[in-house]
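What follows is a single structure, and I will ask about it in a moment.
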Amino acid sequence: MKISARNQIKGTIKSVTKGQTTSHIQLEVNGTIITASITNEAVDDLNLKPGQNAYAVIKASDVMIAVD
Amino acid sequence: MKISARNQIKGTIKSVTKGQTTSHIQLEVNGTIITASITNEAVDDLNLKPGQNAYAVIKASDVMIAVD
Amino acid sequence: MKISARNQIKGTIKSVTKGQTTSHIQLEVNGTIITASITNEAVDDLNLKPGQNAYAVIKASDVMIAVD
Amino acid sequence: MKISARNQIKGTIKSVTKGQTTSHIQLEVNGTIITASITNEAVDDLNLKPGQNAYAVIKASDVMIAVD
Amino acid sequence: MKISARNQIKGTIKSVTKGQTTSHIQLEVNGTIITASITNEAVDDLNLKPGQNAYAVIKASDVMIAVD
Amino acid sequence: MKISARNQIKGTIKSVTKGQTTSHIQLEVNGTIITASITNEAVDDLNLKPGQNAYAVIKASDVMIAVD
């Protein structure tokens, strides 16, 4: 499957923290941590585990720009 | 200002493409391009220009995870 | 690629309307139209055209519920 | 109330799963399940229950397109 | 229609700026301007015009918190 | 830090409700409550507490418009 989301950043899953309905995934990309908040169902469905290669996928309209 | 968004990734603006109301910003981060779709008003207000240091800011709930 | 987004709805592209930076895609799913606003770059990259089979992909945290 | 969100898809609530702050709603639309992640307060306020007719409401800028 | 989105803020439309596919709406709420980026189709469908009463509707998961 | 998000609304934190992974923040702005759903990590990182001044930050593309 090829998706329209402009940002697909490859990394390694560092942690998976499950809540009652929502999980937090930390993905390490070149020493930077990207945090994703996704459903528990998605974690189970994709069988996400620390150490696994994965992509952070982000729609361009969800990215803001900041300057110092 | 300190913001709750978990993802604040530092890079350099590579391009600014303006439409009639919406602009696309390409930010280079360690050789990876992150694309942001923001308002023209924000581009003018922050005076965004290629070559400038900037951050991509992304709320954790807007990040998806994909696997091959 | 398998993605965490819980909603992946199959349909047929009915129209592609390009603006200067942002395109609107209409996807027909069982007689219902789903509208997506995506970048022109994504339209070009995926070579989206009317008549093509495609999926609307939506993160669960972007879905609201309404009642009459 | 009439809302700008382009996607308002009618279905029947199949399940309501409450976490500590966030609930997941499954809406059945023509045999397809649409999953929404909303606040517990919204579930209580709208008194959402399985079997009830409801709409999935999605802003066009939150819809991505994927192809096989 | 009653919607799950937790934030429904009443104001008066101050301006409607149309691009080729995307419009920007400025809503005045107690002297504060709230800016919305929506499709041209939504502007036409709701017949949005300056001077009109309207609501800014925002899902709780799209709100960030910042401190000085 | 200056951010592209068009909506930065000043108020006072009224409540902080923590779940297992996701917190809800209520911000009072001129008598109106704005609700934000953010990660527990952000609450801890910004040390958010009732009574504190804070901003609700919202990207324009996440704001919808509704009319009666």
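Per-chain numbering from 1; labels A, B, C, D, E and F assigned in written order.
Basically, a contact is a pair of C-beta atoms (placed from the backbone, for glycine too) under 8 Å apart; a residue touches a chain by one contact, two chains touch by 3 or more.
Molecules present, by chain and UniProt name: A, B, C, D, E, F = Molybdopterin-binding protein.
None of the values given here were measured: they were computed from a predicted structure.
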Any chain in contact with chain C (Molybdopterin-binding protein) as well as chain F (Molybdopterin-binding protein): A, B, D, E
Chain centre separation in whole Å, for chain B (Molybdopterin-binding protein) relative to chain A (Molybdopterin-binding protein) (CA means): 17
Distance from chain C (Molybdopterin-binding protein) to chain B (Molybdopterin-binding protein) - Cα centre to Cα centre, in angstrom: 22
Distance between chain centroids, defined by C-alpha means - chain B (Molybdopterin-binding protein), chain F (Molybdopterin-binding protein) (Å): 21
Of all residues in chain D (Molybdopterin-binding protein), the ones touching two or more other chains: 1-6, 19-20, 22, 24, 35-39, 41-42, 46, 48, 55, 57, 59-62, 64-68
Chain contact topology (line, ring, star, complete or other): other
Chain-to-chain touches, reported pairwise for every pair that qualifies: A-B, A-C, A-D, A-F, B-C, B-E, B-F, C-D, C-E, D-E, D-F, E-F
In the complex with chain E (Molybdopterin-binding protein), residue positions of chain B (Molybdopterin-binding protein) that touch it: 1-5, 19-22, 39, 41, 59, 61
Touching residues (chain side chain D (Molybdopterin-binding protein), partner chain A (Molybdopterin-binding protein)) in the complex: 17-20, 22-24, 35, 37, 61-62, 64-68
In the complex with chain F (Molybdopterin-binding protein), residue positions of chain B (Molybdopterin-binding protein) that touch it: 1-6, 36-39, 41-43, 45-46, 48, 55, 57, 59-61
Residues of chain F (Molybdopterin-binding protein) that touch chain E (Molybdopterin-binding protein) when the two form their complex: 3, 5-9, 13, 24-25, 27, 29-30, 32, 34-38, 42, 46, 48, 52-68
